[in-house]
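Accompanying notes for the structure given below.
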Amino acid sequence: MANSKVTSMREAVGSLVPDGSVISIEGFTHLICFAAGHELIRQRKQDLTLCRLTPDVIADQLAAAGVISGLVFSWLGNPGVGSLHAVRRRIEGSDPRPIHLEEYSHFGMVARYTAGASGLPFFPLRSYRGSDLPGANPKIVTINDPYGGEPVYAVPPLNPDVSIVHVQKASAGGDAQVWGIPGCQKESAFAAGRVIVVCEEVVSDETIRSDPNRTLIPGTIVDAVVEAPGGCHPSYAQGYYDRDNPFYLEWDAISRDPDLLDAWLDEWVYSLKDHAAYREKLGTERWSALSAGDALSDPVNYGDYS
Amino acid sequence: MSFTATEMMVVAAARQLSGVRNCFVGIGIPNLACSLAKRLIAPDLELIYESGVVGADPARLPLSIGDPSLVVGARSVTSMFDLFSFYLQRGLIDVAFLGAAQVDRNGSINTTVLGSYEKPAVRLPGSGGAVEIALNADQVFIIVNQSPRTFVEKLDFVTSPGHIGYRTGRGNGPALVVTQMGTYRFVSGEMTLTSLHPGVTREQVFEATGWEMAVDEDVVETDPPRPGELDALRHLDPDRVYLK
Amino acid sequence: MANSKVTSMREAVGSLVPDGSVISIEGFTHLICFAAGHELIRQRKQDLTLCRLTPDVIADQLAAAGVISGLVFSWLGNPGVGSLHAVRRRIEGSDPRPIHLEEYSHFGMVARYTAGASGLPFFPLRSYRGSDLPGANPKIVTINDPYGGEPVYAVPPLNPDVSIVHVQKASAGGDAQVWGIPGCQKESAFAAGRVIVVCEEVVSDETIRSDPNRTLIPGTIVDAVVEAPGGCHPSYAQGYYDRDNPFYLEWDAISRDPDLLDAWLDEWVYSLKDHAAYREKLGTERWSALSAGDALSDPVNYGDYS
Amino acid sequence: MSFTATEMMVVAAARQLSGVRNCFVGIGIPNLACSLAKRLIAPDLELIYESGVVGADPARLPLSIGDPSLVVGARSVTSMFDLFSFYLQRGLIDVAFLGAAQVDRNGSINTTVLGSYEKPAVRLPGSGGAVEIALNADQVFIIVNQSPRTFVEKLDFVTSPGHIGYRTGRGNGPALVVTQMGTYRFVSGEMTLTSLHPGVTREQVFEATGWEMAVDEDVVETDPPRPGELDALRHLDPDRVYLK
């Protein structure tokens, strides 16, 4: 079928994410591609703008490592725990240097990706009226209802240079299937100029094509496929492993102390050659504590119409 | 049967969900309140999460709004575009829970910054979906710990508007506030004390409020949690992750 | 779980579709609910407006039976065959009476449903510039780009009183799952005031909940569930039966002659008490010629996180 | 090896797909042309249907754009919203095929009515997706049977605009017209004869055109279908459903 796009994370990130790029790494609590985030740090990328609804621990790590100089976002924190201390140091104290913020709401961000993915110059939404957000971000504007109703708000398209999307299964050609929480992985991929698909496992075309409705992103728009099992840790991949909630708690203490954070980056990113080494370093005990049991979907019949 | 202030908050919130169908759930106390109500008084309550999960039936206490246990056995799991478009903006959400770092007398909420936006003293998480929830859910329930720092005369930043008149959304705005001290409703747009939790005095409420809190003429004492409520609640959070 | 909404087609159509209703029956070549169309004819409904991207044989039957007085549509014909002669007689000759047309393009119709399903006052699209369609339909308007780009077009929300949606599997509570071509079944359902789900088979909640990403329409918005196996004939249900292409060819001759058409309606609709009788009358030979073989989807693992 | 005018049309269209990636396919002759090109000269050609099927690989001749055989084994099957938004409007479609009841010298197409819109002599199907396809696909290939009734000086109704200047779409408009008589390209927006099928004369083309057809100075004779092309084509439509 399609020619293989399978490559290493080093090669994909190295060749497709030049310094200064605007990138999106989505995944709403689910399928957050830490493996790509760590490779961006390892390659000491500079001046990236990260588009992401929920910059969480991955953003704290990228901010601390000096990889990102800007955030386009709607919720900033360590979910269920508290703050991103490295990001807050940069915002509140320009420590070690400032970080540029472009702030929306969740639906504002989703609407921006959707406009970008749809070739639309704007996307309308029922939000923002009475909020101080439009005052803080002039890109959030009002738009008249051409049918004479009250005005609504609009946001502009968001078209990242590169979108890095973690999925459960992908073919060598880049057809990507996701189940569980899809977030806005699809919209961020179609909106992007280039797409890197990172998957838990590369599967055959036959597996993908046995259930074409499950394909969230077609290889048609994919530039590289990277197999990185466990690549979402400490977030999770539905059916593959659980969210490592203790890690999010541990991160709070690490992130509060710049020295601890630098030491963590040295131990867990810079000194490891790739994500396979990170996975191994985490150890079988931690992974078995995160293992997901089995709950298979009932198959459906597409029929044989040959 | 003794209980904590947090347990009283959860029970007080859960009781307000009787008869409600579609509820937009947040993690923590709102999740406990909804799960408690579903078990005790609102079996048809539909738990909907901004992560895209509709009709969740979690087998364990979810620790994030995207917890994998919310997905398994759910009625539907959808994209955020569909959830915010076809559920929230469409007007299908009867009740939505919001938290707050600051709340004012009109139920407007700040979750963005303390201090100025450009040079904040404390950078808070921001809106998330709160602003569209505040404008599109039929009713908003606010769960917040009450103190002079949270109940303020003037918000540092209006993230999600309360009863400040005309809005593009289709919702009716904040309907209820539950704190560790009491419950509040909105009378012509102004937050009004309607019940005091056991052992809490009006004076304590006034001291914990940054403006002159209105008091309903029929203000009552909140019924303390009944044993059945407490048992069910503690069963939902056996490790007392949220029932601190 | 949810209380059962299962009822008969007679009851669902009788109680939820009053004369004068604006209804949608979608399904793009796939999952076209002829069973509901025939029940509307059998109950001699009057003055309905049918919203449908592709009014095809079902529209010809409803037009000939005098059930519909208007169409909101984007493509009008007998796919792969030619014309809808009963509809054309009403348009070209007001024979036996005129029919009101409100015409869009496919994406214009999809955008109308999407606006209706999203509570938006309009939906923007890149279409219509240079076409005579906006001149023929004043509801198609231009809208300025608030960011200063060139204007685009917009269409208003479409909110049918009732949407009748055929699906493969539904639970008694109305959770509906579809695979194969989804068309705009989802958008038309969320846009409607009431929803009737017609399914090939009623399945257990457990089957639905084993694959929640497959749920296209949640019971949350469904008013009635009708089990009507074979209810799409002569269109098809992926994995259940094939499209009856010979019928579409036969229809051309029937539809050209008003007497033949009336005789067909008598024989195949009025004189049959329900769709089960229609299914039986078609006969096992015809059904076996349409039988779909097996091609099962590979299951996916949602994991056990209890 | 003898061949029909229809076979010549299909082969002439297929040859133009060399190097093309994403093709928006119609049923009938366009489907045959794309399938033929995929087998012979464009193995990476991606067949995309407005029904939402992406990367189809049908095991039989599809008789509708929603044929179930298009779905089985496809790369992706998606909603019409996603297809028109994320593929067509996004600008992913390299070539799209359109048919026509009437076409004019600029490649504008009428598929709506003959006669007036309000009181048509003949009501045609209408746009379907044609108007957005015409405006958003990078190139449009028009397949039509040529006669004075179809090649007209003035359209009764402009369903899908051709080269009439500025458009909201991102496409470049009609690039090619293939009829049973010849193939045409657009020179500064005007349809221009570039090749005559075997046995067809310029005079016959002029008689079959409702305006004064421009002729390319390098007009050639179309290569007749090669045996390999005809064998593959007839294998695709063994019952000659479309190869009448």
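Annotations for the structure displayed:
To keep things simple, chains are lettered A, B, C and D as they appear, and every chain counts its residues starting from 1.
FYI, a contact is a pair of C-beta atoms (placed from the backbone, for glycine too) under 8 Å apart; a residue touches a chain by one contact, two chains touch by 3 or more.
This one's a predicted model, so the numbers in the text were calculated from it and none came from an experiment.
If you compare C-D with A-D, the chain pair joined by more contacting C-beta pairs is C-D.
Averaging C-alpha coordinates per chain places the centre of chain B 57 Å away from that of chain D. Centre-to-centre separation of chain A and chain B, using mean CA positions: 28 Å. Averaged C-alpha coordinates put the centre of chain A at 40 Å from the centre of chain D. Each of the following residues of chain D touches two or more other chains: 53, 67-68, 71-72, 77-78, 89, 136, 170.
Residues of chain A in contact with at least two other chains: 114, 119-120, 125-126, 150, 152, 179-180, 182, 186, 213, 238, 242, 292, 295, 302-306. Inter-chain contacts occur between A-B, A-C, A-D, B-C, C-D. Across the interface of their complex, chain D is touched by residues 28-30, 53-54, 73-77, 79-80, 83, 87-88, 91-92, 103-107, 110, 114, 125-133, 136, 150-153, 179-184, 186-187, 236, 238, 242-243, 245, 292, 295 of chain C. The touching residues of chain C, when paired with chain B in their complex, are 2-3, 114, 117-120, 175, 186, 190, 208-209, 212-213, 215, 218-221, 302-306. The residues of chain C lying in touch with chain A in their complex are 119-126, 141-143, 145-147, 149-150, 152, 154, 156, 168-169, 177, 179-180, 182, 207, 210-211, 213-214, 238-240, 242, 292-306. Of all residues in chain B, those touching chain A in their complex are 27-28, 50-53, 63-68, 71-72, 77-81, 84, 88-89, 108, 112, 117, 119-123, 125-132, 135-136, 157-161, 164-170. Listed in rising order, the residues of chain B touching chain C in the complex are 21-22, 44, 46, 53-55, 57, 59-60, 67-69, 71-78, 82, 85-86, 89-92, 136, 170.
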